[in-house]
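Worksheet: one structure, shown below.
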Amino acid sequence: MSSVAKMIETIETEMDAESPEANPEHLRMVEALLFAASEPLDLKALSTSLPEGADAPGLIKALQAAYESRGVNLCCVAGKYQFRTASDLAFLLRKEQPEQKRLSKAAIETLSIIAYHQPVTRAEIEDIRGVAMSKGTIDILMEIGWIKIRGRKRTPGRPVTYGTTDGFLVQFGLESVAHLPGLDELKAAGFLEAIPPSGFDVPNPSDALGPDEDPYDPNEPEMATGSVNLDEA
Amino acid sequence: MSSVAKMIETIETEMDAESPEANPEHLRMVEALLFAASEPLDLKALSTSLPEGADAPGLIKALQAAYESRGVNLCCVAGKYQFRTASDLAFLLRKEQPEQKRLSKAAIETLSIIAYHQPVTRAEIEDIRGVAMSKGTIDILMEIGWIKIRGRKRTPGRPVTYGTTDGFLVQFGLESVAHLPGLDELKAAGFLEAIPPSGFDVPNPSDALGPDEDPYDPNEPEMATGSVNLDEA
Amino acid sequence: MTAADQAENFDEFQSTAIYADDQALTVQVDGFEGPLDLLLTLARNQKVDIAKISILKLADQYLEFIESAKKLNLELAADYLVMAAWLAYLKSRLVLPQEKGSDGEPSADEMATRLRWRLQRLDAMRAASTRLMGRERLDRDVFGRGDPEPVNVIKLRTYKDTMYDLLTAYATDRARRLGGQAYRPQMAPVLAIEEARERLERMLGKIADWSALTGLLPFEWTGGARRRSAVASTLLACLEMARDGKVELQQMAPFAEIFVRDGQRAADMTTPSPISGAPTPGA
């Protein structure tokens, strides 16, 4: 038996183990749907296209297992599913990114701080980096579509809070912000704790609104917008 | 053994038969290259990306066999290779979107005249409505499937006559065109004033061929078709 | 590149220009992202775990660094100087015997701990950032389907038109078309007096001397009820015109034929009456 055959046998075994009743026709459908889509699909989108009673989560698991060691893998990004080329084959496919996409060191650090500390205000980012932020940094990250204004902190001046977008998760191949690399270590070391460290609220990066955060309303009256500008200045 | 497993076993057997030495790493590479390519790739393009000595034709054959019964197939188009959704799953990539519409004023008026006055020619419709008809009006009603060409009038030019279809009866909940309300019923229902304008008569529509009507033969010789065009012009 | 970016890079350039020329302390020419970044670099150079770093030593290094920059006449961004002042203050408090912290002001040790913690945090965030950016990125390292097959949206068109719409369309369309004629003012079988007079005025000069009134009726008004109306209206018109002196009238007996002639012509010459022995016109 060739090693390919062995590989396939492993898949077979895994598929049988993971979902003994994975309907082969349904598997083909999920495979086709995910292969055809240009964007990641969530379970709901898949379910609407599948016959009634199809076990979308089970099918996804079976497919993920089947493709685990293949040239194409089934990844979970931003809570959705997408076939992507295997990361170890990057050397084969890598394309040079256009120069303009190269972010400054400040922008990269700011993005990381927003990702790990969200929801986070500009002042908090500046406290961590120990330097005032140029306005352009936030603008660039917003323009790429990796960060967004997610709310306002219920503190004087009601500064806006920043967080990452689904586009960020898709770009970096993350299932959710809870899957950020090294998140647990940072949390355990207390580095994600509130600023200053004597504070008692512990913000975890989360898409959910924080306890002292209001949702962002772009149509808020002028006065409130004024306070944003104060924050940004 | 599940049918998926059986399917995989078949692939395995075929793969062993077709290319006993198909390198599993090379297979993964071809898989990823074809998946990520924005257009079909030929063997030459594949070979330049693969490590030296890789058997591109053999790998393609192995992959084609492996994907034969899957949701996605490896197709060969004009000597180039491409992953495509299995043709029997094409229905998954069709989304039916319901859309509710209303006929234009001209269309519903024309339809009502055809319903009541059938068999009726285009010239007669125009005479009754008192305005020239745009070609689109008849086309729309034909496309929806509510009217049809039912015959030809035994008059010079032999113009085609229009009538309503079964689809029309279904849409408007009629058992037959003979059930369309007559003058008195229209009056009683308030559609007409108590004293309708002089000259207002409501015909008794019928599916039967009119006395001066020939059945429509779509395969009539050219000359007759010519007269249709005259009529339509 | 935005102006803000340039400004940021300019800051980097300034701090990059700071060299430590003693104590074998060489700062990489990477540029610093502010005083905390400079402190972190200096702390790394101590080659100890940042958690155990000597803040006193670090403060000294920082202050030396700033001094050497001043000697080189390099303009330093304000926040580097603020940090220098703060570190000088911290250093002075650290070397002095610890006084009991009064009204909430943090002790020098607490301040040092806080600084150490901030450096650790910045260091940790930098590491996390490197890990994050090191991930396989979509369309750079990993790729989605290069030639996705889009979903074809097929519109299932249904029509809301009902029997009501159909009948309304039929009834109103036809009523409008036919009703258009019904509402046109009906030609009443009455010849308006104005019309009769206008007609007569046009005919004056063309009619024979002493024409019979009934012979002057419009041709299409010569039968039935229409004739009666035409006679009455023409007579009234004649009377009006006679009053104005435009015509002269004659009638031999009640209900007999009435004769009309042009009043102007009557003035010019005396024409015999069509009926001998007729009373003088105008009587």
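We call the chains A, B and C, going by the order they appear; numbering starts again at 1 in every chain.
In the analysis below, a residue touches a chain if its C-beta (ideal position, glycine included) is under 8 Å from a C-beta of that chain, and two chains touch if they have at least 3 such contacts.
Keep in mind that what you see is a predicted model, and the values were worked out from it rather than measured.
Q: Of all the other chains, whose mean CA position lies farthest from subunit B?
A: A
Q: Closest chain to the protein's overall Cα mean, using per-chain Cα means, please.
A: C
Q: Just give me the whole-number Å value for how far the CA centre of subunit B lies from that of subunit C.
A: Chain centroid spacing, subunit B to subunit C, equals 37 Å.
Q: Compute the distance, rounded to whole Å, between the mean C-alpha positions of subunit A and subunit B.
A: Averaging C-alpha atoms per chain gives centres 42 Å apart.
Q: Tell me, which residues of subunit C touch at least two other chains?
A: If we look for residues of subunit C contacting two or more partner chains, we find 143-145, 149-151.
Q: Multi-chain contacts in subunit B: which residues touch at least two other chains?
A: 32, 35-36, 83, 85, 93 - these are the residues of subunit B that touch more than one other chain.
Q: List the residues on subunit C that touch subunit A in their complex, please.
A: It is residues 2-5, 7-9, 33-37, 39, 79, 114, 117-118, 120-122, 124-129, 131-133, 135-145, 148-151 of subunit C that touch subunit A.
Q: How about subunit C: which of its residues touch subunit B in the complex?
A: 143-147, 149-163, 165-175, 177-179, 181-182
Q: Quick one: in the complex, what on subunit B touches subunit A?
A: 1-5, 7-9, 11-12, 15-16, 20-22, 24, 27-33, 35-36, 49, 62, 69-72, 83, 85-86, 89, 92-93
Q: If you look only at subunit B, which of its residues touch subunit C in the complex?
A: Per the stated touch rule, the residues are 32, 35-39, 82-85, 93-103, 105, 108-109, 111-113, 115-116, 128-130, 144, 171-174, 181, 186, 189, 191-193, 196-200.
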